[in-house]
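Comments concern the structure below.
The letters A, B and C name the chains in turn, as written, and every chain counts its residues from 1.
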Amino acid sequence: MSAATDTVVPEAPVITAAGYWTGVLKRFSRDPVAVTCAVIVLLLILSAVFAPYLGLDDPYKASMIKRLKPIGYPGFPLGTDEQGRDMLSRLIYGGRLTLFVGLVPVVLAFFIGSAFGLVAGYAGGRINALIMRTVDVFFAFPSVLLAIAISSALGAGIVNSLVSLTIVFIPPIARVAESATASVRALDYIDAARASGGGALTIIRVHIIGNVLGPIFVYATSLTSVCMILAAGLSFLGIGVRPPEPEWGLMLNTLRTAIYVNPWVAALPGLMIFITSLCLNLLSDGLRSAMNVKD
Amino acid sequence: MFTYLVRRLIYVLPVAIGVSIICFLLVHIAPGDPLTAIMPVDATAEEQAAMRSAYGLDKPLPVQYAIWIGKAAMGDLGKSIATGRPVADEVFAAVRNSLLLAFSASVIAFPIGLFLGFLAGYFRDTIFDRLVTAIAITGVSVPNYWLGIVLVIIFSVQLGWLPSMGAGPGGSGEWTWDYAHVRHLILPAVTLAVVPIGIVARTVRALVGDIFSMDFVQALYAKGLRHSDVLRHVVRNAAPTALSVMGLQLGYLLGGSILIETVFNWPGSGFLLSNAIFQRDLPLLQGTILILSLFFVGMNLIVDVAQAAIDPRIKRS
Amino acid sequence: MSKTEAESGQQDRGGPGQPLIIAKDLKKHFPVRSGLFSRRSATVRAVDGVSFDVMKGETLGIVGESGCGKSTTARLLIGLIELDEGGIIFDGDSLGGDIGLKELRRGVQMVFQDSYASLNPRLTIVDSVAFGPKIQGLDKPAERARDLLARVGLDPDRFAQRYPHELSGGQRQRVNIARALAMEPRLVILDEAVSALDKSVEAQVLNLLNDLRREFGLTYVFISHDLNVVRYISDRVLVMYLGEVVEIGPSEAIYAKQAHPYTASLFAAMPSMDPDNRTEEPPLAGDPPNPIDPPSGCRFHTRCRFAEDVCAARKPALSIIGGEEAHLAACHIHEPGSGHSLANREAAQ
């Protein structure tokens, strides 16, 4: 007893046990690019959510005589579309559906894909083979093709877009979750926990989820940009959101004929998609380095 | 190597079957009766029943699948509802045009992506690195269907230098490598090249940067190798991964060109697909997706085998 | 003794004469799968018929080159991997018959080599130590954990709330020991538990282990490739080669005279401080053969300098060495009438 306590050696420098997330937040806040992008994305989301309270024109109000007015036209700071509707208003309102359909599938796929990946990675064997071989089949489609295939079969509509995009993003997330889980599963502390009599669910809850969710989450954030582009792309093709709803992809499509009349107004909805997707990508990169996740 | 090839081939088979099942089911997850898409609206009940049995739609699903896949294996993908021509003919003509576009885009994208990525990885953490990273992230973030429109606005509408539509003068027709045709290829190929430039540059940058930070590079310098010889070692280590990324991108280009082809009215598989969607031409839709996805599966297989052939670390047992 | 037993909460059932754990003919073959349908194309015979017993309160050292099946044996003893064949008897109760895995794991705990990989990086060390007691429904797991941290020399006020990356390797291994002890085990398996530590830290941890053994009346199975360490801590030593036991016996006996040529070459490979005792040529040439397809007969015959035809033809049985019943070796040289040219001379001695 005495010998045991006497052998205390101050081997490691004393570090205050700072929580993991405090460190992540600190590192993230030191990254000016990521912070800027976070602010922009936040503003886009807020303006979309609170669009009705911003004192904008009615985004559905058409006017035959005020069609395709250029940027800076009195009363229409960003001009009007092919039906004479206010572009500024439609762009801000357009964020509602575009962001919703662009982000929600990744959130859904994050939960579903993680669950599949965790089960496959922890259980191994036949269960793993069953889940992962199915995932392989869906993975065999390029994501654009799969989204278009499912969407075109289901038909246009917001719910159908959500369903098809969620299906597209479950397999990649499941793959990442599976490999993260399998590598954590092989560590000795899982064996130690099993030796302590922990059941599978307890071990997944206490010892695995906390260690794999970070990398899966970062990976999922890197998919949001692709999902945005795809979601708007489906509407652009006419198999996403239906007119006359304001949605960036759909607006880009209906304004295509206007490129000879008023090209820069026609390009605006796409610019919004581009800015959002760029910010989402940079945000994801910032998050990745703040969370110390390696590729 | 041979056993690896065989094993990889055996592995691809169930994936291909799975892909075909999904393509088959597409028609059946479509809301409503698949028959309504084929039949005129005023068809009588007898006509519908006759059609149903003619298409085998009265049989159980697995049987329908077996019949469908059996015919597909023989090259019979049914007839297009809109044009009445065999789906297989339509699809293969379109795939040829898509491949032309995808290869042209690769020819633009891969050298640029490799060059930028290598330089950024070599000059890690310099202003140049940051510039390339910015270009790369812009490339992967841009919705390419919008970029296509912007390029049309600039080069066709404003400057009038290049045509905005079609694959040649006077609409469709056979492709030839002359000035009039190539002019039509430039804008869609450049548009399509932007995303792979970003992806290839990003991958190669990370790859080269990592290799340069490995101990063996230090050892090579310590051994007294000339700089150019060290570079050769680095390139050789980066090559397998870089090649496989490019191979996969080629596959993605074929699938990803759908939206671009719509923007430029390029008569490829994507254009065909969007027409099929627009006209609810289900056999055409099903056949196009099947062919494209099988092509992608085949591309993955080729990439894997090629990578195994050049990368000594992949066991060939 | 009686006090520590009461403290450990688990009753001694078989009495002092009953070995704490008996391993009977343990076998574990890992399939090497290949092909799409996961056909079993080959098997690695990681552990191939290993038998031994560990008496209460003693320390059994297990030595051998990497890949000889030491760690697999350890994991079999604690039920982390399933036995293909053979049986385990824990204090008279057979696993699968009298007791289940759950009961076995209450009595047997393990400390792993990689101190970092064996602690969850997202849990404070007090939570890691308290996890087992919590699962088992023991009283006041956190308090118990803090007591144990103090016992292994880590002041709970300073260390309890730290994360593994804020500790040194030696400190982490102390945490792992506390974690094992939190389950109130009677047998602790130490799988290369000190191998990754600096020499000075290693000595401290070994002393700690000796103290804890006395204090809690523990029994150890100590796995290591370091013969000096094994000699320091073990009462008996078991030598493994390619999944089999080649020699087992009291430490002094084996350290004084190695009966099996493999054991002898292992000891010859040990660095010596005595300049007169230095070997000029490497005692063991080459790598161990592939356990997928182990050599016939005596598995060591491909590398043994005494190998003769009989060694490849027939597997030697464990036989008594030097008239001492506790000392056994599996070598034809020590088996009278085996047909090995040295066997009879050995018998005559």
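Quick note on the criterion: a contact is a pair of C-beta atoms (placed from the backbone, for glycine too) under 8 Å apart; a residue touches a chain by one contact, two chains touch by 3 or more.
Just so it is clear, the model here is predicted, and its values are computed rather than measured.
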item: Chain located farthest away, centre of chain A as origin (C-alpha); value: C
item: Geometric centre: closest chain by C-alpha means; value: A
item: Rounded Å distance, chain B centre to chain C centre (Cα mean); value: 55
item: Centre-of-Cα separation between chain C and chain A, whole angstrom; value: 49
item: Where chain A and chain B are represented by their mean Cα positions, the distance between them in whole Å; value: 23
item: Contacts with two or more other chains, residues of chain B listed in rising order; value: 14
item: Multi-chain contact residues (two or more partners), chain A; value: none
item: Contact set on chain C toward chain A in their complex; value: 38, 75, 78-80, 102, 105-106, 108-110, 112-114, 117-124, 128, 131-132, 135-136, 150-155, 158, 161-163, 166-171, 176, 179-180, 183, 201, 204, 207-208, 211-212, 215
item: Residues of chain A touching chain C in the complex; value: 1, 3-9, 11-12, 14-15, 17, 20, 129, 187-189, 191-198, 202, 206-207, 210-211
item: Residue ranges of chain B touching chain A (in the complex, touch as defined); value: 14-16, 18-19, 21-23, 26-27, 29-31, 137-138, 140-143, 145-147, 149-150, 152-153, 157-158, 206, 251-252, 254-256, 258-259, 262-263, 273-274, 276-278, 285, 289, 292-293, 296-297, 300
item: Residue numbers on chain A that touch chain B, as the complex places them; value: 133-134, 136-138, 140-145, 148-150, 152-155, 225, 229, 232-233, 236-239, 252, 256, 259-260, 263-264, 266-267, 269-271, 273-274, 277-278, 280-282, 285, 295
